[in-house]
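Take a look at the structure set out below.
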Amino acid sequence: MSLIDLFIEAGNLKKLPRTGWLLRGVSNPESIADHSYRVALITLFLADELRAKGVEIDVERALKIAVLHDLAEARVTDIPLTAQYYLDKGKAEKKAAMELFIKTPNPREYFRLWREYEEGLSLEGRLVKFADKLEMLVQALEYEKAGFKDLDEFWSALDSLRESEFYEHFREIVEELAGLRKQNR
Amino acid sequence: MSLIDLFIEAGNLKKLPRTGWLLRGVSNPESIADHSYRVALITLFLADELRAKGVEIDVERALKIAVLHDLAEARVTDIPLTAQYYLDKGKAEKKAAMELFIKTPNPREYFRLWREYEEGLSLEGRLVKFADKLEMLVQALEYEKAGFKDLDEFWSALDSLRESEFYEHFREIVEELAGLRKQNR
Amino acid sequence: MSLIDLFIEAGNLKKLPRTGWLLRGVSNPESIADHSYRVALITLFLADELRAKGVEIDVERALKIAVLHDLAEARVTDIPLTAQYYLDKGKAEKKAAMELFIKTPNPREYFRLWREYEEGLSLEGRLVKFADKLEMLVQALEYEKAGFKDLDEFWSALDSLRESEFYEHFREIVEELAGLRKQNR
Amino acid sequence: MSLIDLFIEAGNLKKLPRTGWLLRGVSNPESIADHSYRVALITLFLADELRAKGVEIDVERALKIAVLHDLAEARVTDIPLTAQYYLDKGKAEKKAAMELFIKTPNPREYFRLWREYEEGLSLEGRLVKFADKLEMLVQALEYEKAGFKDLDEFWSALDSLRESEFYEHFREIVEELAGLRKQNR
Amino acid sequence: MSLIDLFIEAGNLKKLPRTGWLLRGVSNPESIADHSYRVALITLFLADELRAKGVEIDVERALKIAVLHDLAEARVTDIPLTAQYYLDKGKAEKKAAMELFIKTPNPREYFRLWREYEEGLSLEGRLVKFADKLEMLVQALEYEKAGFKDLDEFWSALDSLRESEFYEHFREIVEELAGLRKQNR
Amino acid sequence: MSLIDLFIEAGNLKKLPRTGWLLRGVSNPESIADHSYRVALITLFLADELRAKGVEIDVERALKIAVLHDLAEARVTDIPLTAQYYLDKGKAEKKAAMELFIKTPNPREYFRLWREYEEGLSLEGRLVKFADKLEMLVQALEYEKAGFKDLDEFWSALDSLRESEFYEHFREIVEELAGLRKQNR
């Protein structure tokens, strides 16, 4: 049981491309770690803002979930939608997460955090899911600004942001993003 | 049902990296299509040589299997060993292959070829499996010659080549490869 | 004389970019092997379909030609149009092919196959030429869908597909491709 | 004043390479975001372990610092050592950080966190500095394992880890890393 | 004091990307050396043309300035506009240039040439500045032709070309470039 | 006849990789323009030093030759040794150079300069050839330092440097390079 092993395995997230972009012709797309980084950044600001608005939220918890939410992909890799139809990604990541966390001093606690994201078990877990989608759309916007096309289907995530429990708090952010996209086309 | 759709989907094999190399630090590794190409080339020469030696082999069949053997990865992607522990890659590729071949005029026939590789059902299918492993080792050799390290575990495939039914015919090739590797270290 | 040498040399096809795309600003274009792979795949389906329609065609032969047709580029590289004006690419590849095949047990036979493609000496050779052009256009379509521009001149190959002896058999495929392109603009 | 702007700017961290590796011949090195991600991950586990050992530490604070510590590089980029000799990187990042945080609802608070890292003003800030160095060495180890050389000078950071106030707590981790490096050479 | 050291350091210019493009989503942009090369090429033709038109210009001097004008970036790297707001790039490059040239037999002379560019002290220095801007715009044109967008702000450099003392001599070149850009949009 | 056309064509040199490195597994090698840039830089210092030593040399001429010496590759590309055996590279580049220079106001003069390099017709032309080889070895050294192997055959160029008429003047530089290489192995 060694944290160094875990840190080294997490290095896979730097090497592995986000396959969704890759399959649509973005030839050097962001890594999983690139994505995870900005999810954590977004989570930080959204969680703080929720707290400022009086929502009871555990910011530490939210940040931990953000940092851990894609860790299982260090083993399972970024399975794209075309593959999820054939593979039980959720089950695989669950098992991988469990086994990865065994390397840590508190397997149960970290696995619980991971499940809060995956299964939407807590406000914090659901916030990271919201941040995860928001992050993807910011990236889609950037790629489209740079000239890449064929990314339309990613934008269906806008709907799920609008239907989220957090939309009332972050309507402005979501709609600004939607507006920037329109401009861009 | 359209062949153009199939040809476009096969384009994914050009975009997707072979993850085994990627995870060991080869930063711009070959694509799945790169690999599949050389498997077909190797199959061509080995099959012809077997025929020349009097082995009854259907070369056309062998070539078709070689060209089709990784096609399911156009949807499933190249699932690395670290992930196969958590995912039923075989089952996923089987289903994906079946659904891909529905786009062709002869789904049954092509799926049968695919299964001959996957399940070792025919001499031709097993020859492509032999070529698949040989190809991987030639690539490992090239990467090591270029300076990459950390590829030791790939070389365990040498054993399976040596235990193969084809070893008696291609001993020289296998051992020359093993020799080149030794030199290289 | 060794097949391993040939297999290693064929590895060059994975490293060498298709220069036509490169010169038009596609920064990480497909490799020659990437292209050759899909040419073989396309050949497989077209040859089978021709046979199903009653055309007398040797599918094994067609597949071998597809796999071998760009092998000389492992030495000569992918000479772009701008260079072909100054270099006798055909002559160079012919000599290189001849010398490469000397490493195989049947130099004459393989060289004959190569010439069937290069010089259009057989139905199978001409079919691979048709597949070669079709493959290039599918790739152009994909790059354009992803956002790349400046690929207009590649589409002149549509005319040669339409004038081909195979057009009557694959009109639907060619016109579907042409249609997808129009949509894309 | 908009968070979306900040999120978009943070996207620069995905595009910008860590120049230290680049200048030593690692041709596709990690991005700044890649690095920042693992710093946050390491911080999470180290902070939790410190707390478990009875050290009074604000884990939320530590995580926030980790996520924010390189944000100024979204404007200033990763100035390598060769340049720091000529440029006042610290002053530049300080001003950039200040101006970036103006886009947030709490500029003062976030800037304070940033300074805690930069100036070592708090235990949490110093822990992230420890994690930052540790992360770099794990990466150096990975590059060396993959075959890259010329990374010796990075390893002088081992000394600063050993002299750190946190060494007593994480001696095992540091020495395991040092051991892996020795093995690797 | 060794020229080999200087030649090796100049190798950094091959490794370092031009960050202006990178930050706008050109994922594999030209290197600083790529840029410097074409600046030298452009300088060559413009300087010769000026001389042919009777302008008194020292072509050798102009060429040397072109080759040396970005050499300080081998240490300072390509500081983008977003960073120049926070860093004194000019001062840094001046000091770096001075120290780099100490490795040469004639530090004073080369530093003088460098300053002629940087401070516009001579006709030759100003010509290279003109060539430097022209080169950037030719590159912007190429990237836009290839499909990249988001490069509008680079084109403000057209104005400075038009206001330059050299505009009267190279009006045709500048306006042809401007025309090509319009066509391209 | 337009210089802008020439400048745009020269952009190909930025896109085209030096194939010698590519074929030995350097996956993102320098461009032709990268190489040409440092050849010009080396030429500058060597030419000045020769002049300082009393050798009668036209430095402007030498610099022009350095900048122009690989320009024909904008059309012909970097034909590697494996291909030169089959292609008349010299003849191709000669014709391409001639036709490229037609776009300039002084085709004859520039073509003459190009020939001085290619055919060694002048001291300046031969100096650039010396610089060209020296540059390649500095690059080989850098790649080897970074971890790449399989570059031995490039070092045979050391002999030709030692046999050159310029060796007496630059013995120190050549031998320092040779020494660094030994250290590196």
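To keep things simple, chains are lettered A, B, C, D, E and F as they appear, and every chain counts its residues starting from 1.
Throughout what follows, a contact is a pair of C-beta atoms (placed from the backbone, for glycine too) under 8 Å apart; a residue touches a chain by one contact, two chains touch by 3 or more.
Chain-to-protein mapping (UniProt): A, B, C, D, E, F = 5'-deoxynucleotidase.
Predicted, not measured: the structure shown is a model, and the values here were computed from it.
Here the chain-to-chain distance from chain A to chain F, counted in touching steps, is 2. Note on connectivity: the fewest chain-to-chain touch steps from chain A to chain D number 1. The chain with its Cα centre farthest from the Cα centre of chain F is A. Note: the chain lying farthest from chain C is D, by mean C-alpha position. Interface comparison, B-C versus C-E: the higher number of contacting C-beta pairs is recorded for B-C. Rounded to a whole number, the gap between the C-alpha centres of chain A and chain B is 33 angstrom. Separating the CA-averaged centres of chain E and chain F is a span of 21 Å.
With centres taken as mean Cα positions, chain E sits 41 Å from chain A.
Taking each chain's centre as the mean of its C-alpha atoms, chain B lies 48 Å from chain E. Multi-chain contact residues of chain A, defined as those touching 2 or more other chains: 25-28, 142, 147.
Chains touching one another, given as pairs, are A-B, A-C, A-D, A-E, B-C, B-D, B-F, C-E, C-F, D-E, D-F, E-F. Taken in their complex, chain C has these residues touching chain E: 24-28, 147-150.
Contact residues of chain A toward chain D in the complex are 2-4, 6-8, 10-11, 13-14, 30-31, 33-34, 36-38, 40-42, 44-45, 48-49, 52, 59-60, 63-64, 67-68, 71, 104-106, 134-135, 138-139, 141-142, 173, 176-177, 180.
Against chain D, in their complex, chain F makes its touches with residues 26-28, 142-143, 145-147.
Touching chain D in their complex are the following residues of chain E: 12, 15-17, 19, 22-23, 25, 27, 74-77, 79-80, 82-83, 85-89, 91-93, 95-96.
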